[in-house]
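See the structures that follow.
What follows is chain A paired twice: with chain B in the first complex and chain C in the second.
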Partner chain A sequence: MPRALRHALLVLVPVVAAAALLPFLYSNQLLLFNFVVFLTLAQGVNVIYGFTGYLPFGYAGFFGTGAYGFSLAVIHLHMTPLPALAAGALAALLLGLLLTPLLRLSGAYFAIANLAASLAVFQIVSNPNLEDITKGPYGISLSGVFSPNLSYGTAVAFMALTLGLVVYLRNSRFGLSLQAIREDAISAGMAGINVVRGRVIAWLLSALIAGLIGGVFAWYVSVFYPETVFSPDFSIFAIVFALFGGIATITGPILGVVILYGIYNTIGISTPQYFQLIYGLLIVGLVLFLPNGLVSLFRRWGIDVP
Partner chain B sequence: MLEYTLLAGLLFGLYFSLVGLGLNLTFGVMRIVNLAHGDFLMLGAFAAFWLFNLAGVNPLVSVFLILAAFAVLGLPLYYLFVPRLLTAKDPEMLSIILFFGLSQVIEALTTIAFGTSERSIPGNVLGSGPVKLLGQSFPAAWIVSGIASGLAVLGIYLYLYRTRIGYLTRAVMVHREEALATGIDVHRVSAIAFGIGLALAATAGVFAPFMLGSVTPAMGVDINITSFAVIVVGSLGNPLGTVLGGIVYGISLMFMQSYFSSWANLLPYLLLIFILLVRPSGLLGRQVRRA
Partner chain C sequence: MSLERANAAAAEPLLRVEGLVKRFGAFRALDGLNFHLMPGEILGLVGPNGSGKTTCINVISGLYPPDGGTLVYAGREIGGLKSHRLVHLGINRTFQVPKPFLTLTVKENVEVAATYGGRNGATFDIAGLLASLELDSQAARPAAELNSVQQKMLDLARALATGPRLLCVDELAAGLNPAELDRVAERLKALARGGVALLVVEHLMGFIDQVTDRVIVLNAGREIFEGVLADAVKDRQVVEVFLGTENGG
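Right, the complex of A and B next:
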């Protein structure tokens, strides 16, 4: 059995099945929806950070752009949800294209510039002068298209696509070439890999993932403020979840989301500052003692993890 | 109006130089990004607030206590985190995440201890009434904060260029491995630089209630972005370039506030992206650095 198929059967199918079937057993659909959103975002971060090494500190910018692209298409162009999702994804993709010059920056410079870019988009969207277009800081209300079950299903579908993409990257020449670029761009270029093309594709794919799931998020919650969808928490949670589990793997980000977001939902809602404390300590401990994530523990014991 | 904007920009510019200076010194010496910089600034502001409210200590006095306390705090923090971090494969990237974790810890502990309400110190404790400067009048607190920031920057200049340990610090900034090979105790030099970085952040924090408005545990993130904008404009890794960056930033901020006030919040982000794309080495490229 080819490795990609085995990975898909071992990881993708069970996760997607669980996400699709759990709403029938468990009534808190919003919680499950948030899990699906973070599973998708963590894998989106994995695509760009795990495989190419660019740390997208402003990843929420794409998420928010997707959410606003969707909402504005519904409000101004009176689109139905599915074409509006495409509009949101297109908006995120355009933002990604606009930001491709940032890929010239390396290391910390890229992370900072990306954060600044996402905050700039937030400032523009939430500016009261643009109230006629974006509703400014007063938020969006989409009661006309509200449909929790359909949007939940769409979110699961997008998560499945994203997982499929990561399975592909983990098992393909293209994914391998991205990792080669991450390790040493000059040697990779010498070996005949098109460095710029590889990076740009990974960057746009991760922007597209965030834009799609951002649009679904807007559709599902249907009432939100700019701070909600551009919240740096989305970037940071997604990065930490991916890193905690182990980047450049399929299971790592999933483990990270299930464990950390699970803890968040047990104690984080009632006492956010205690969660913040635990979360901060976990990050510090992780970087110092387990910089390659939980999955690296299994590797150390000789178990191959997809 | 124009003179006022320019002068206010200069005062704020000096202050913003101080805000960014500690971060830049740490980056220059250790090549790590202290993403908890804004949170140390916040802690300095809280220390000044409590010393003023409980013991009635004037911020101009407490600044010395706070400065010393944070410099001392920096040494154990350095040895706890940095040597281990520097052995990793990509210290620069991991440092962002590590210090982000630390900033979360600080923010959470401050919130647990003090709650989320906003605090401020009345501006008149730094001197009462408006002060005339070249025909324009400014709040006395601005002038005092600007002068104090200028003095702190001058202190760093003297440290780097007029003391032996500063000379060694510059050697580490130019080339860490060669400095090590020459027999410089790189960890000691770096630990001191880290302590000074924290002390500078806390000093900027003491004046934050006067220059930035009220203080909350969550203010660190915005401070970080501002600091990055300032030091990237100057040039990352060159502490004295920070002064240029701070002044460019301060003056452009004042111009935005005077003439395009509703878009002023966009400035740090756009300036940052613009400089990074056009001239990633900052206005003073590394070749200008006399080190």
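Right, the complex of A and C next:
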């Protein structure tokens, strides 16, 4: 069996099936929806950081842009949800294109510049003078298109697409070329790889993922403020989840979300002080002993983790 | 002169470098460099530290654009083209300090170069290449686990996987033991017999003597001697540059 197919059957199918079926067994759909959102965002971070090496500290910028692209298409252009999702994705892609010059930076400089760019978009969207267009700081209300079941299903579909993309990257020559660029851009050039093209494609794919899931988020919650969707928490959580599990793998970010977001929802709200203690200890322990994430533990034992 | 050499001499040079200039701020690392390279020829590039040898390779391989002069390869101007374009035209190099893709396996390192830079199509024999550089037993290990000599061989494998017609070799011999030196020298000569033009930068004069047909001596970004190594060591200017003058210096 080809490795990609095995990975799809072992990881993609069970995760998507669980996400699709759990709402019938468990009544808190909002919680499940948030899991789906973070599973998708963590994989989006995986595409750009895991495979290409750029840490997107302002990843929430694409998420918020997708949410606003969707909402403004519904409000001003009276689009139905599905075309509006395409509008949100397009908005995130355009922002990604606008920010491609940032790819000239590397390491912390890229992370800071990306964070600044995301904050700039947030400031523009929440500017009271743009109230007629973006509703400014007063937020969005989309009661007309509210449809929790349909939007939940769409989110699961986008998560499945994202997982499919990561399975492809993990098993394809294109994914290998991205990893080569991450390891050494100069050697990658001398291996005949078009470094700029590879980076831009990975960057736009990760922007597209965040834009799509951001649009679905707006559709699902249907009432939100700029600070909700541009919250740095989305960037930080997605990055921490991906790193915790292990980047450049398919299972790593999934494990990270299930474990860390699971702990967050179990005790993060009821007893935040213990939550912060456990979170802190887990992350410190991981950075010290498993800097390549949980899955590197299995690799150490000689198990090939998808 | 062998028949093969005579044919090569009659042919057009594969690479023609004329008045090449590369500046870093006010410093002229290459200051009007001229030389040519025939298909199947091994040209040594020697000179003291800082004389522009590695810069010359960096410009030829597209790491930096030239600031002046012309670089004509196979009849076309290539100055300023990006590395991956040059690789597709048949130019490749090794690095003084090898930069393999550390988390990828040895096989993947070569595979990615054969796939993206390969001029031989999908038929390229990766296993054979690894075996010829004694890397076959390491094929499944991450490149990070190789020792420095193996990393140099992997860097050479990465370059060879793209099927180059012009190969620049930057201090490949440094750190190799005598047996490894002999093998690498044989390997480079075999490439040249197959028609590949080689530009070899090296400090080990024994190695240069063993592999090159001709040498260029560089000083301060300019060639000061062109000919065979045996004559270079008798050249007054070359001796001065390497050893200083009798008056001290």
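By our rule, the second predicted complex is superposed on the first by the 297 of 306 C-alpha atoms of A that agree within 3 Å, B and C clash if a C-alpha of one lies under 4 Å from a C-alpha of the other, contacts with A are read in each partner's own complex, and residues count from 1 in each chain.
As a working rule, a contact is a pair of C-beta atoms (placed from the backbone, for glycine too) under 8 Å apart; a residue touches a chain by one contact, two chains touch by 3 or more.
Predicted model only: the values in this text are computed from it and were never measured.
Looking at the shared chain after the overlay, A:Y109 reaches chain B, while chain C stays out of its contact range. In the superposed model, A:A191 lies in contact with chain C only, and not with chain B.
Residue by residue along chain A, chain B and chain C are tallied for touches, and B comes out ahead. Within the superposed three-chain model, A:L22 lies out of touch with both chain B and chain C [touch as defined at top]. In the superposition on chain A, contact is made by A:Q123 with chain B only, not with chain C. Once both structures are placed on chain A, no chain A residue is touched by chain B and, in the other complex, by chain C. By the touch criterion stated above, chain C contacts chain A in their complex at residues 61-63, 82-84, 87-88, 92-93, 95, 99-104, 108-109, 111-113, 115-118, 155, 158-159, 161-162. Those residues of chain A whose C-beta lies close enough to touch chain C in the complex are 173, 176-177, 179-180, 183-184, 186-196, 248. Interface residues of chain B facing chain A in the complex, by the touch rule stated above, are 27, 33, 81, 84-85, 88-90, 92-98, 100-109, 111-112, 221, 225, 228-229, 232, 236, 262-263, 265-266, 268-270, 272-273, 276-277, 280.
Of all residues in chain A, only 53, 55, 57, 101-102, 104-105, 107-109, 111-113, 115-117, 119-120, 123-124, 127-129, 232, 236, 239-240, 243, 273-274, 276-277, 279-284, 286-288, 291 touch chain B in the complex they form.
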